[in-house]
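A quick write-up on the structure given underneath.
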Amino acid sequence: MALQEPIDPLLEEISGPTPRQILRKRVQGHMGLLFGAGVVLVLLVIAILAPVLAPHDPYLQDLANRMVKPVFMGGTWEHPLGTDHLGRDYLSRLIYGARVSLLIGSVAALISGVIGTAMGVAAGYFGGRVDAVVTFLINVRLAMPVVLVALAVVAILGGSLQVVIAVLGLLLWDRFAVVMRASTLQVRRREYVSAAQAIGASTPRVILSEIMPNIVNNLIVIVTLEMAHAILLEAALSFLGLGVQPPTPSWGLMVSEGKNMMLFEPWLVLIPGVVLFVLVLAINLMGDGLRDVTAPDSRS
Amino acid sequence: MKAAYLKTTALALAMSVATTGIALADKANDTLRVAYTKELENVDSYFNSSREGVVLQRAVWDGLIYRDPITNEYKGNLATSWEWIDDKTLELKLREGVTFHNGDAFDADDVVATVNFVAKEESGVKTQRNVNWMETAEKVDDYTVRIKTKEVFPAAIEFLSGPVSMYPAEYYAEVGPSGMGLKPVGTGPYKVVEVIPGQKFVLEKNENYHDSPKGQPSIGKVEIRTIPDVNTQIAELFSGSLDLIWQVPADQAEKLAAMGDQFVVTNESTMRVGYLSMDAAGRSSMDPNPFQDIKVRQAVNYAIDRNALVDNLLKGKSKVVWTPCFPSQFGCDQNVTEYPYDPAKAKELLAEAGYPDGFETEFYAYRDRDYAEAISSYLNAVGIKTDFKMLQYSALRELNMKGEVPLSFQTWGSYSINDASAMVSQFFKHGSLDTTRDDQVLEWLDVADQSNDPAKRIEYYSKALTRIADEAYWAPMFSYNTNYVMNTDVEYTPTADEVLRFTTMSWK
Amino acid sequence: MLPFILKRLGLAGLVAFTVSFISFSLLFLSGDPAAALAGETASGEDIEAIRRLYGFDRPMLVQYGEWLFQALRGNFGESYYFKLPVSSLIADRLSVTMTLGVCGITFALLTAVPLGVAAAIRPNSIIDRVALFLSVAGQAMPSFWFGLILIVLFGIKLRWLPPSGASTWQHFIMPTIVLGYYAMPAIMRLTRAGMLEVLNSDYIRTARAKGAGEGRVLFKHALRNAIIPVVSLAAVQMGFMLGGSIVVESIFALHGAGYLAWESIARNDLPTVQALILIFSMFYIIFTFLADVLNAWLDPRMRSS
């Protein structure tokens, strides 16, 4: 996958509106980006305000009122989305579940981003042996079956939020490393980098002030995509019973628990599945949109 | 309004099933298709410890004696008569003219070889309690054997009609447990024609089955497939590619029963008892270990609303149980301390024990995730924070043996042995699965296990059970029930001991 | 060409070795299974004896060396659960997983490549938009959920397909779709991007200028060039897919290697898990190796890199 050459800022400035204006215009014209960012923002607010918004305690069990139907299927507003197999309010669990998904997605993406970026930039900047080692490590990482290794590690260490986040963070850095390496390789050859090196700027300084600003767009795109990836993986692990453990409300776990009654109460599976789909879709759209607006020629 | 809606959706589903038509049961091919939920590790009944294994064992092999599951009367099977010739020696006359599936004739040599092999600890029989009461077997003549017990062991007849089945001496010596697992050979009503480990077993009617109290098999072929997900099992039942499923959870069974005359849903109680086991002996790495404190254990007992669990989750013929044994078992005295649901008292006890804010503990389970989750909710509500871990049975058993489990939700089905020793003596006699290690309980159980006097046995089991309840070593929860769902072509009346008996099934 | 192949082969071997070491040390952390093997009545001494007998008391590196030596000869030890050789256990189940993988990637290619080509011919058209939407939506759909929905819909409500199992080819339809759709978006995007690039190149303009028919331009010249990276991506995706078949196999009750892996993890059956991790990585390594060689063969420029 060839990466787009970054546009020369100077050229843009001469030829028309300021880059900021161009960017705003592109963002406003990009439905996918607006929709994606909007949904993510709304879910973020919901996650933060969960204790205020949730109508019930998501852990409160009421065995006498199990699997009450959601309001649109004949239930009452007491439980707008019904209750789960232990009589816990489904809407409240969904709302708290947003916290789990977003937390896991962002922290895992952060960890893997730091690891992958450090490796990728080092490989691209220094080349030679460093590059060889990093490329080798990327190959090793890609060869390990993610789901299988994650399941095995969670099984050994026990499934808690921290373990799942750490495992995903340590497993998903490959795409960061690949893309950051390629981006750095391109930027390194530019004149301003040679110029900075020529006037004797230290290596960290060159990387931080000359390289990073020019690859950060790509980085942001990968961050969003990996966030979506981590959220999906957490859901899959929880679905297989080796992710986040009950009673933590994770959407993947909710699908897994609803699965038992899937044939009779399909909404138990449908609702958390749809929400999960929408979140991941929104994050992906946001990532694609960011890529489009920062590298405008990629979809022409 | 709500009820009407419920009904319509249930009906809609039922209709969609009905209109598209259920493929007929495989009655035409005389093949009964059954599902197992769990992958069975080894068909050799001495080397697995699961219910699925028991079912196969009863179909493929025979014991010396047979207990009628309805009348509880002991009848001769491979033995025709038996008598105690002294406290520890049982002499049995064997049935003549019985052959194994491979054509070998059954005689005293087979009994001697089987007993002497399984009773040896090094042979590694999975559930030692099933066999370690036997010392040796001796041949008197071709059709007479004597089994010597290590101690006085009154439950011998019960065990001989249960888990102890007879293997062909020469074949077993040659192939061993793993060979027996792949190509099982017994005398039973069904012979095994195909084994794909963990996936599929095919049984075929034994046309030469001897005149056994189990009765003669009627259905020609039984095909058992492992389908781990209950939903998938139900889906296959709908599509007509399964004829019988069992261990169906209460919720689904209710819905299936509501579908009218499509399926026959039967509920039977079982001897399986669910309980919380606590690390009262302090073997795990928790430090300090709250479960060593009786007040904490009592708090756990008070924290859980067993009635709500039974009424809403287990349903059917389940009952609240306060003893580490099933009420019908001999010696299982029900007159022990009970701990009714009282979360306030639980909190109080925790505070008295020095945990006013509760504490955190690992909590393990291996089946019935929803029951375990409901239990953990009750515990969380009084301040005992649970770090929930769901493992498979074999993995949890392993951890238990190492003593690394502070708190777990477990179950025990007693191998359908109708004697309290099958459960309480399994877990409270300082074996590696004993989480309490109480010397007094051990002493009393030894007396009860080894006495030939029923009254004395009852007295000592009662003492032990009372002490276990008073000390709140466990939090016994409830007895299980099993739902059997079959399509209307299958004629079968399940028994209360959680054993599927293919021999008594027939086509309508 | 030969030096290139040898170099890649060496690298692949080194990667395989590293993966095996990492997975061995990971699982080594979970402690030794002597207590379980010893049985419920075993004393501390018995457990110690078993530990020595099986060699669990030796340093990790020694145990790893022995395991690797045996593994190279196809001996992965004995499953703790089934007490059968792991190699025969896995061999039994691998065919299901392989079938599923091949069907999955075929399905992905057969749907993604035409869509990608169509999208590239008419950028920003309805087809392009639909293809883009499919690819974005596809990537967001949790496969376990997608599988469940398919079962309810086609297995139960419509009764078109058997809901689980692996006995006939119909059984493989739903799992194939669920496994394949996840690889689709990437293949489609790459086909589209590649086609666009080639279609705008001087080379195609020349071909058009020379009066070659549109179909000929598209399929003879453009697709042939655009497909090279797609083939290598497909090979890589195939490796990923086999690793991802765990989820699909567990949903559709296919007794394949992925399902065995899941069950073995939950049962703490370490020899089986170790062997499966190695085997799944080997798939990936072999497929990427083949993709590299194929690329180098088709495009000599790559041999130097």
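Each chain gets a letter, A, B and C, in the order it is written, and its residues are counted from 1.
Please note the rule applied: a contact is a pair of C-beta atoms (placed from the backbone, for glycine too) under 8 Å apart; a residue touches a chain by one contact, two chains touch by 3 or more.
Since this is a predicted model, take the numbers as computed values, not measurements.
Comparing each chain's Cα centroid with the centroid of every protein Cα atom identifies chain C as the most central.
Comparing mean CA positions across the assembly, the chain most remote from chain B is A.
For this pair, chain A with chain C, the centres built from the Cα atoms lie 22 Å apart. Distance between chain centres (mean CA atoms), chain B to chain C: 39 Å.
Averaged C-alpha coordinates put the centre of chain A at 46 Å from the centre of chain B. Residue positions 151, 156, 250, 266, 268 of chain C each touch two or more of the other chains. Contact of a single residue of chain A with at least two other chains is seen at positions 241, 259, 262-263. Under the contact definition stated at the top, the residues of chain B that touch 2 or more other chains are 229, 231, 235, 238.
Across the complex, chain B is touched by residues 33, 35-36, 38-42, 80-84, 89, 92, 151, 155-159, 162-165, 250-253, 255, 263, 266-268 of chain C. Chain C contributes residues 11, 14-16, 18-19, 22-23, 26-27, 29-30, 123, 136-137, 139-145, 148-149, 151-152, 156, 190, 193, 197, 229, 236, 239, 242-244, 246-247, 250, 258, 261-262, 265-266, 268, 273, 276-277, 280-281, 284-285, 288 to its touches with chain A in the complex.
For chain B in complex with chain A, the residues that touch the partner chain are 1-2, 4-6, 9-10, 13, 229-231, 234-235, 238, 249, 251-252, 255, 305, 308-309, 311-313, 362, 369-370, 373-374, 376-378, 380-381, 387-390. Chain B meets chain C in the complex at residues 16-17, 20, 39, 41-42, 47, 121, 124, 126-128, 132, 177-178, 181, 196-199, 225-229, 231-232, 235-236, 238-239, 241, 391-392, 394-395, 397-398, 401-402, 431-433. Across the complex, chain A meets chain B through its residues 59, 61, 63-64, 66-67, 69, 73-76, 85-87, 158-160, 241, 245-247, 257, 259-264.
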